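You will see two complexes here that share chain A, one where it goes with chain B and one where it goes with chain C.
Coming up: the complex of A and B.
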């Protein structure tokens, strides 16, 4: 059997290389996310107090909705899946590599749209270490969920509906991120929300491990 | 010594439609078997079962000493080379990147990629995107991947499809290389004459059964 770590890292590098070549995240998803953040002040007005109040929540909604598209990614055709499987890659390693690549892309997306949100909504940047933890948890959780959902859908006709299926599952991440950020600003304890997010990410990781072989083999 | 491939009363159904029925086939080490038949006879399904990519509905399929329905199939996949109808290349990666991924997974030195691409006449196209290559070039790249992987069991589906005369020689060389090392091959085609030239024996598949 191919060593797990080597296989997962090779898959992650492959997916990042493909994304760099396509440029979907950099040239489509991030600009659209920023545009979505920009449209809100046009709709509700530019009152600074209001934007500061709703800004963090809006930011995480944008991360969730657009991030799902990043996380699900493209689906391989059968011939590519066969070729990868016959290299002897463990299905769990394959999905782990994909989830790792999705997590890194999501972190890039969060960072780019986060800067836009801070500028557009005049948000205070507080609790930076905790903020980094939240961003990593959201990226990892969405990356794992999106990867599983992508494997479920395969290249079938239902693939277009996958983002709609992932979004509800990511609600704990959205709640946790929003409440944690709000807690920083209000000076409340955020540990329970961070713990909830850790649980959500752990459950998603367990789903990847348990479902990898049936999903990869069943398509 | 156990044969490379042993199919016993193999049956594969898709829904209620039988694709393969009561199929028995043995491939020994050092043997090349040609499997021919009309479109829809079930040739590709046989290859996918042997490649451990499809489970039988009934009967047994043992490949390289393991049952393809068991979890041990993951252990032997690395030793199986399969070139299907469609190339398994990622269109948004170059040929070198596609093969480089395989080399990285298998822990092979990166310079092996250039060597095998040169062996199939694609040294000058290494940095070309797979999507920018002709079907024949992609097939050549698939053969290069097999040279990289060095499988014990080689499975080729319509091996001569989309290939020019030079590339046909590549197929023969690849099969000979695998067989010389004690491996075996199954070549599937609708064209008996072409496969017969490479195979030690040929069997015909008609409506999911061996004739």
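Coming up: the complex of A and C.
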């Protein structure tokens, strides 16, 4: 059996190499997210005051909805999964590696669409340390949830279910992200919201560990 | 070859008990007094609250079935989880719909961004996703395993939905029955509400039992069809016959 850390890192590297070759996140999901940010003002109005008020919320909604597509990645076909099992990779290490890669890709997605939101909606960049913490927690939470949902839904027609499975469960992340940054701007304490996000990420990580074996068995 | 066994009908006794329980609950809901503030609208609560209670019960039973399947690998637990989730989604939808009908004359809107309402809607969609996942996976063992994971994950929402009215002080009233101190409701109304909960629970039991039986028959039928004698692949291809040379 390959050691857990080595296996998880190898899986993460494999996923990132796949993304580098295919460029789905860089050339499809990120541009699509920016287009969504661009379309919203055409529907709700282009007044700067309005956009500055609703911009942060819109940004996090785009991160959640489009981030699911990043998080789920490409699900392995049966032969690929059989090969992974034959290599003796621990199912938990495999899902952990996938979640790690998804988290890194999501951070890139957040960064790219975040710059677009700041430019398009004229958003002030305040509370940088809080912003970084929130971005990392949202990326980790979505990465873990998307990985579990991808394994639950499987390849084929079930894969279309992933957004439906993840979006309702990611509500604590959306609430935490918007309320933390809003609280910082308003001068309120934001620790309870950050704690809620940490709990959500921890629960998601526990689910990955507990669910990995039954989800990956009989591959 | 396994043959599908004949369906078992629900015992007449259970059906009679369910009908009597529903009738008793309806009579009690009818004779209980109108509310001092809500007036006759309070009668919606005698269906809304039991429906919400059943949603909790159904999803907890789904959790039990899911854990049971992962531990024992017996399909009866998977069928229990499936049947309970289906009934639970129906009653969650009913609770939401009745709540909206009650809210329009009381709050002035069909929907408000109250924590309880929003979280209940989210719970509804999570279990709708659970049912969709079941439909999307054909192989029974894979379906049962994946659904069990989601059935366990989804139950996290029940305490969130129930305690949302305590944690976030929003428009929806706090718990009336399930709380540390005595129920905050008038005696006759409490009787009507408890009768409704009991009746709905009996109906739930009946529906889950029937749905499980149906799922067993579907599984038996699928197994019988799979074991039928069929021509092997390529049997239609025959060797060419060589004619006599002319």
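What we mean here is this: the second predicted complex is superposed on the first by the 216 of 219 C-alpha atoms of A that agree within 3 Å, B and C clash if a C-alpha of one lies under 4 Å from a C-alpha of the other, contacts with A are read in each partner's own complex, and residues count from 1 in each chain.
Assume a residue touches a chain if its C-beta (ideal position, glycine included) is under 8 Å from a C-beta of that chain, and two chains touch if they have at least 3 such contacts.
Nothing here was measured: the structure is a model prediction, and the numbers come from that model.
After overlaying the two complexes on the shared chain, residue contacts for A:110 are found with neither chain B nor chain C. When both complexes are overlaid on chain A, the residue A:83 reaches chain B alone and has no touch with chain C. Counting the residues of chain A that each partner touches, chain B and chain C differ, and the larger count belongs to B.
When the two structures are aligned on the shared chain, A:215 is found in touch with chain C, with no touch to chain B. When the two structures are aligned on the shared chain, A:94 is found in touch with neither chain B nor chain C. In the superposition on chain A, A:169 makes contact with chain C only, not with chain B.
Residue contacts after overlaying the shared chain place A:148 against chain C, while chain B stays out of touching range.
Within chain A, the residues touching chain B in one complex and chain C in the other are 217. Residues 148, 151-154, 156-158, 160-161, 164-165, 167-169, 171, 203, 207, 211, 214-215, 217-218 of chain A are the ones that touch chain C when the two sit in their complex. Listed in rising order, the residues of chain B touching chain A in the complex are 51, 53, 55, 71, 74-75, 77-78, 80-82, 84-90, 92-93, 97, 101-102, 104-107, 129, 145, 149.
Interface residues of chain C facing chain A in the complex, by the touch rule stated above, are 70, 122-123, 125-126, 128-129, 132-133, 136-137, 141-142, 145-146, 148-150, 152-153, 156. Against chain B, in their complex, chain A makes its touches with residues 1-3, 6-7, 10, 13-14, 17-18, 21-22, 76-80, 82-91, 213, 217.
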